[in-house]
Each structure stands twice: as C-alpha cells, then as structure tokens.
C-alpha cells in the first residue's frame, strides 16, 4: 500500500508530459486561478488585492503609476504634474483616451472619478485606505488638465494619485457598481459570481496593444489545487501558491511580494514593558532556522516593517542575531529587577495569514519557551484577529505577542509608519515622543529630508524601542505555465497586468 | 393530503422562525464585519462611521425587527461584500448545490439498496463482509483529504479528469464521487441492518420457506419494510450532504450554497447568511414533508396516529 | 448474557476480534500515550522537518516520518489520541443518551410533548450541522469541551428520529400491548420493554457517528474552526498536513489512517455486538448460515 502510494505521489509531483485534455485555451487566451473570488469589481475597491488583481490597470487605470521596485512615480493617465503651492497641484492628462463606453477621458471625467472615490455614501476602499481625513477639491483647468486642492499639505499627492482610478461618468454615484467602465486595454466581458470573470481585449486602446486577447479568472481556495491546475494545463497563472507546492523550478517563480511579517509586542503590559524582555524575544528568534524550512529560502530577515525600495526604508539596520544565551541573560537580569518574566504571554496568531503561518507560530512558541518564556498560543480567525489588531485594546488584556503581516507597495513609508508606530496610530503599542516627532516631521517633509527622517525613525524603533519581533520580508510563489512569457514581480501581489504577458513560440 | 401539508407547513414555519432567531443572534455574537470590510489602515472614526451607516451599532433586537420587516416585503437585505441583494447571490448558488446533492443522493440510494440488500441476504457471507468493510472504510476518510488526493491522482498524475470547476460531465465525477462516500457508507449499513430485520420477520421467513424468488423477497417483502428506516436516515443525510457540499464545493471551486454560506460566515455577511438559511431550511422542510408523505404511504399506522 | 460466553463469541469472529484488539490498543494509547512520548511530541527540530517515514536511524517516534516542525508523527499521533477519542466518545455518548431518551419519549407520547421534540429536531436538522457548529464555535472558541457539546447537539436529530421510528413500530407489537393491558406504566414500559429493543439500532448509529464525529471535527479544522493548536487531534493533523500532500504525504496519511481504522473497528465491533446481543438475530444468522 505505502509503496504504491509513494509511487502515485511521486508521479503526481512529476508533471505529465501528455497533452492536457482539459485545457480549453486558444493560443492567446489565458486562465488565471486566484485564491479567492473578488466580491466586487467596483473601481473604487481596486486597492483590495483580490479586486486589483483582476481590474487594476487591466480594466481601469490609475492617474499615476508607482514602480514598486523603486517607489518612483511614473505617468499613466496623467502625463505630468507640478505643485502650485503648498495645497495645490496641477495634473496634465492624456488627450487620446476614451472610456470603454465611448465617453471621452477628460478633466470632467477625472473630477467625477475623484469625487466618487471620496464620496462617503459608499465604503470606498481607496478613500478609507489612502485619504483618511484628507479632502480634495478638483477643478478642471482646461479639457485635459485638472487642479487639485488638498485640505492639508500633501507632499506625496502624486504618489496618492497612483491609487486613484479613472472611471466613466456613467458609473453611478453613491452606489456600488458591478460594471466597472474604465480606460484600460481590457473590458469586463462576463462576470458569473462564484464561477468566473472574463476580460476581453479592446481594439482601440491608447497604448500598445497587448498580446493576450482574453483572460478568464477562476478561483480555488486550496494552494495544492491551484498548483495542480497549472501543472495539468487547465490554468496558466496561479498567483500565490504555498512554498511546498512550488516544486518545479521551470514553472514556479518566487518574488518579494512587498509583505513584511512580524510579531507586535504589546509594550504597555508587564513583563513586555521592559526593553530587556523585548530584546530577549528578538535574540531567542531563530530566523535562519525558519528560513528555508517553514519559510522559503528566498525570504529576507527584516529589520523594519517596510520593504527595501520604499521611501524611508533604512538599509543600515541589521537583524537581531539568534543568541539564546543572551536572551536568557537578559531575562535573568530583568527577573532580578523584579520584572515578572514568568507571566503567561499570549501569542496571538491568525489562520492562513500567510502559508504555514500556524507552523511558524508553533516554532516561535517552542523557541521562546526554550529560553524560559511562558507562552500560550492562541489561533484566531480573521474577525477576531482584526478586533485585537486595532485600538482600543482591552484594558485588562494579558501580555501578548501579535502575529501580523503588512504590505506597503505604494512607495512611501507613511502608509506604514504612522499606523504602526505613532502613539496616535491605530495599531501602535507604545508611545515615544521622539518617534512621534520624527514621524510627524517626516510626513510634512518631502524629498531627501523625508527619507532621512523616516530612516531615523525606523532606526530608533528597531534599536531603542524594540516594539516588535521583525521576522521576514516575505516572498510569494507564482506558478506560470511555460507557454507564457511572464515574470511575476513585487507588484503581482496587488495587480496582474495582462499587458505584461507574452507567449513563447513553441 | 392537503390538510396534512398545511398543518406541517405551519409547524415548520414556526420552526423556521426559531432557527432564524437563533442564527440571527448567534451570528451577531461573533462580531460585526466592520474590521473585515475596511482596510487595515482605517481610522477608529472611519470604523465607527461605517458601523453606524450599516446599523451595526443598533441593539441586536432593533436590527432583528428591521430585518423581519424587510423579509415580510421579500426584501432580504443586501450583501455587504458583494454589493447586491443577498437573495440574488443565494438564488444563483442554490441550483448548483441542489444538482450536486440530488445526483449524489440518487446514486448513493440506488447503490446502497443494491449492496445493502445483497449483503443482508446472506449476512456474514464474504460479499457481506467485503461490502461492509468497503462502505464503512469509505465513510471513514476525511472528505477534504480524499478530494485533494483524488485531484492529485486522477487529474494531475493520470490526467483522466479535470482538476476542478464545473462544465462537462467529466467535471462531475470527482465531486459526486467524494460527496457520495459518506451517505453511501451509512445508507448501505442502514439498508443492510433494516433488511436483516425485515428478512427475519415471520412472514418473510414464510415467503422464503415457500420458495419465493430472491428478488421478489428482497424488493417486495424486505425492502418495503426496511424503507421506513432507510428514508429516515436518507432524510437526515440531506442536511448532512450540505456539510459535505461545503467541503467539496470549496475544494473543487463550485459556486454552490455551501461555498456561499461558509464565506458568509467568515465574512460576517449576515444578510447572505440569513438568506442562505431561509433557503436551505425551506428546501429541507419541503423534503421532510415529502418524507412524511412517503411514511404515511408506506406505513398506514403513521397516518392514523 | 455472561461475560465469558461473550468473550468466547468474540474470539470466534476473527474480524470482530481484531477490531476489538485495535480499539483496546487505541484506548491504551489514549490513556498512557501522551506521557510515554512526553517532550518528543512538542519539541522543535527544524532539521528533521518533513523527514520521510521508515527511516529507522532516528528514534521510534520518527518511524512514521516527521511533521513540518520536525516532530515525530508517531509521537504526535500518541499525543492526539487522548483528545481525539475523548471528544468523539463524549459527544457520541452525550447525543446518544439525550437523543435516545427524547426519541423514546416522542414515540410514546401522543400529546404535544412529542410534537415539540420533533419540531425541535426539525430546527436542528434544517440547518447543516457543520455550519451551525461553525457559527457556535466562532462564538465560543474551539476548546475541546465546546466541540463536544456542539457536535453532540448537531447529531441529536438522528437519534431522536431513529428512536422514535423504532418506537412507533415496536409499540404496536403484541407484547407491548399485552404489557400495557396488564397495567404497566409509561416509564416502566419505556425502560423495560422498549429501550432494550431500540438500543441496538442506536448503537449502530452511534458507532457510525463515532466516525462521523471524528471526521466532522477534522472538517472543522479544515475550515479553520476546530480544535486549536497547541491542542491536537488526528483530525487537525490531517487538516494541517493537507497542504503538504504534494510533497510529504505522510503528514496527513498516518493520522487519516488512524481515524479510518478506529472508525472501522468501532463499526465492526458494534455490528458484531448487535448480532451477539440479539438472540433472535443470532438464531436468524445461524439459520441463514446453513441455508
């Protein structure tokens, strides 16, 4: 039995050379198998990764486009921009673009798009995520030029415009639409909720015509199944498969996915309010042991909660080395000073936060217990996890470590640093006047000064405050059918531009 | 018979209401969907505003009253996440599950009756033992595990079947096969047990002694009596099938109601969850009525009681 | 029936005998296993991650391979046995006792009590048990005790319905009528005459449910809401191991096998018990055996 079993499994792992009986593609069609289905396709939800993977830059396009590798802002629907004064910006728009419904892309349409995005009667993710507290006033300045006035100085407005999408004025105001009408190289052809979404190429796209003529999106929750589908030729791209399913170097690409994982330390509750205890946790963490086992061997041990390439990332920081003796010493020291280091510490985890997330926590639990911590693992599902993530925290909570992962692919540290580390941030667990000051000043500054202030903040956070156990800059695995010419990149986490896909002639 | 259905209907309506109350309040005890819906970076004020605009900050009783009032007008609320009426989502998903469960149930019932009856004819014979072993063993494996192994073996390794999805008849083989395991095992056991009992009854023994044919004895005398228990268990399995459907639909990517429900629970998409419950509960009540009718047909004593 | 004759009967049936031995073994593991393996079941050894089975150079706990954290699968199975069997036995017994009692009452009652019970089971039955369990567990959390209660409640209807159906049939039989005519009270009737006849069927259902409960618990783990680590059950092991099916099949295969064999044994033994415990059936078997 077991031998046969093993053979079967071995056969399953090796890829069949036979022609896939169920592949239904004509040569320029692609099938993309996602993890979960998008619930909505409203343009203003395009910042959600499962929505963005389908429509962002395919059906609807942004005004500017951020290069996630460098954080640089590039033109897309806006060709150039300039700052008029502290609060006012001007954007020049392309003049050769029409929406899929035939309406022209112009200043009026952009005004409408921004107003709809900022409209509080629908729960627009882009507004909530990037424009909290900020209001924009848009005035057309000619047919293809707009002037944007912000309620407070916003040096990174061009970056923020990389999140704003243009939609036809036929998109209803004040209600969620199921028919996104944009300017992109593809239009939404068919959406059968629960089953599939089909995009087809438009003929009169303003840019270069992409090679893919039709894209079908389907979804399967099991990573094993998604990987199997590409292997069997039923699908062409499976973004985000688990490391253990990425067994074929010819099909499986790994890439930094802009996510960073950490354990947030609740630095307000004893014994975690003692810096030595927080340091001990860091020294007790065997990052090298987890790399290449539970995590892929491509992950990068991290020192801060943003990836390299994000403005403000400090490249000079070094991860804490694995040094259990030092951890034990620090704990003994703290104990001698009366810190209750034996107190039970809750390690809060979340199911499937990333592949093997549960195992990584069991490993961390074992590492911390080995140096003398008293850890209790508590797994939660999404709703409960979110509840614990945000302030207000429960007054009588136990000391806790909180598993978290954060992605920032919008070029600037501001999207991370305030929320996570400013004393007024919604998810911070400490208050340090100096850090607050650096973050505040960084937010107002621009250019090199902004970078420097954020870097200083990250240095202080990592070396002095130690409010977290920073784990890894994570990698994702995407399986791509060899007939395609496509290399997944850091952006694949939140968008999947069909125009970047080519075909191998074979 | 009309009065029978009517009486059953009113009782069922009451039960349905109980179920709805139960789920409505239980579901809200699990927290509201604000944090799940809004991005992680949303501020505390944005959260409060969201909860208020969707009425999650009202007392649950008020929310329930509002919901019931809506249901009276056939307004089942909107799906928060899908941005469309909840009933639309449910109506789109229901036929998928109905077909899946129907085909599975029909096939397992037929197979169970054949295997179970043959096994009961000569209890403890080789056939009986092998059939028992196999059916019990098949019902003893975790279905999600069987499903994934089946995909790896039949779709990836052998390339005989598509991995997942719906469409051609070939797409049905694995989901139905996996879903059948559980009811088939149980039903075969029940058919066998009931048949042994029925075949041991004096009048069947008499028929046997008189030399009545095997099939005649099984199908006319034995089965008729065994059917009571079989139908009870088969009826129970209908709801259980939805359990299996949750798993099977998740693995094979079928857009059925099991899939929808699990998603609604995880997302706290209450309107969809409630619409799903109303729909499945209605379907199951309807089926129970059919079972009761079948009961009274098969056994006159039930009708008189 | 005497114990010694029961034992002799058991030994004469090889399959049932083997099943009994397996169950005793598993119960033995559940009783002492966690203490035997001790630290080996929880310690971390990332070098042994997903080590394949049948490598006898490591300790015996690794003979069936190692899991994703390098812990011996056998050690994990030993550790999980107690929780797994505890949950399954407790919830089956709970639902059998409560469900059987309610079913007999419903069958004997000609008044509204019976109706109330049947409507109650309708409520439970009209909603898929797995989803109901899921909602309840979201509220309560996945502690083993909560699982027992939730699984027991969701399985009540089948006992109630089966018991009632049996009672409806039995109560018309001549000897029940005779007992009734002779003035036997309802309680006496239920306990002395009806319960013994209903029990074998409930045992069949219960034995199948034993498997069902283990599997339901594992399905809940698959959906993310079953027993939570560091607690461990066989079902959770299967659920956790499924993501390695492609690369390390042993992670979910062995615990799955333990579930299957245990469920199978319980079923075989229960159906043997049914025959052994019912003289009329035994006679019938004897007759057909020679026919």
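Here the chain labels run A, B and C in written order, and each chain numbers its own residues starting at 1.
Throughout what follows, a contact is a pair of C-beta atoms (placed from the backbone, for glycine too) under 8 Å apart; a residue touches a chain by one contact, two chains touch by 3 or more.
Every value quoted in this text rests on a predicted model; they were computed, and no experiment measured them.
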{"item": "Chain centroid nearest the full-protein CA centroid", "value": "B"}
{"item": "Farthest-lying chain, centroid of Cα atoms versus that of chain B", "value": "A"}
{"item": "Centre distance in Å when chain A and chain C are each reduced to the mean of their C-alpha atoms", "value": "44"}
{"item": "Distance from chain B to chain A - Cα centre to Cα centre, in angstrom", "value": "38"}
{"item": "Euclidean distance of C-alpha centroids - chain B vs chain C, Å", "value": "21"}
{"item": "Residue numbers of chain A (touch at least two other chains)", "value": "9, 12, 222, 224, 228, 381, 383"}
{"item": "Chain C residues counted as touching two or more neighbouring chains", "value": "138, 242, 245-246"}
{"item": "Chain B residues counted as touching two or more neighbouring chains", "value": "30, 148, 152, 250"}
{"item": "Residues on chain A engaged by chain B in the complex (per definition of touch)", "value": "8-9, 11-12, 15-16, 18, 20-22, 39-40, 42, 47-48, 120, 123, 125, 128-129, 132-133, 175-178, 192-195, 218-222, 224-225, 228-229, 231-232, 234, 381-384, 386-387, 389-392, 406, 415, 419, 426-427"}
{"item": "Touch list for chain C against partner chain B, complex", "value": "15, 110, 115, 119-120, 122-123, 125-131, 134-136, 138-139, 157-158, 161-162, 165, 168-169, 172, 201, 204, 208, 211-212, 215-216, 218-219, 222-223, 235, 238-239, 242, 245-246, 252, 256, 259-260, 263-264, 267-268, 271, 274-275, 280-281, 284-285, 288-289"}
{"item": "Touch list for chain C against partner chain A, complex", "value": "42-44, 46, 49, 53, 68-69, 138, 224-225, 228-230, 240, 242-249, 253"}
{"item": "Sites on chain A touched by chain C in the complex", "value": "2, 5-6, 9, 12-13, 222-224, 227-228, 242, 244-245, 247, 286, 289-290, 293-294, 351-352, 355-356, 358-359, 361-363, 365-367, 370, 376-379, 381, 383"}
{"item": "Touching residues on chain B, where the partner in the complex is chain C", "value": "11-12, 14-16, 18-19, 22-23, 26-27, 29-30, 122-124, 129, 132-133, 136-137, 139-145, 148-149, 152, 182, 185-186, 189-190, 193, 196-197, 199-200, 228-229, 232-233, 235-236, 239-240, 242-243, 246-247, 250, 258, 261-262, 265, 277, 280-281, 284-285, 288, 299, 301-302, 305"}
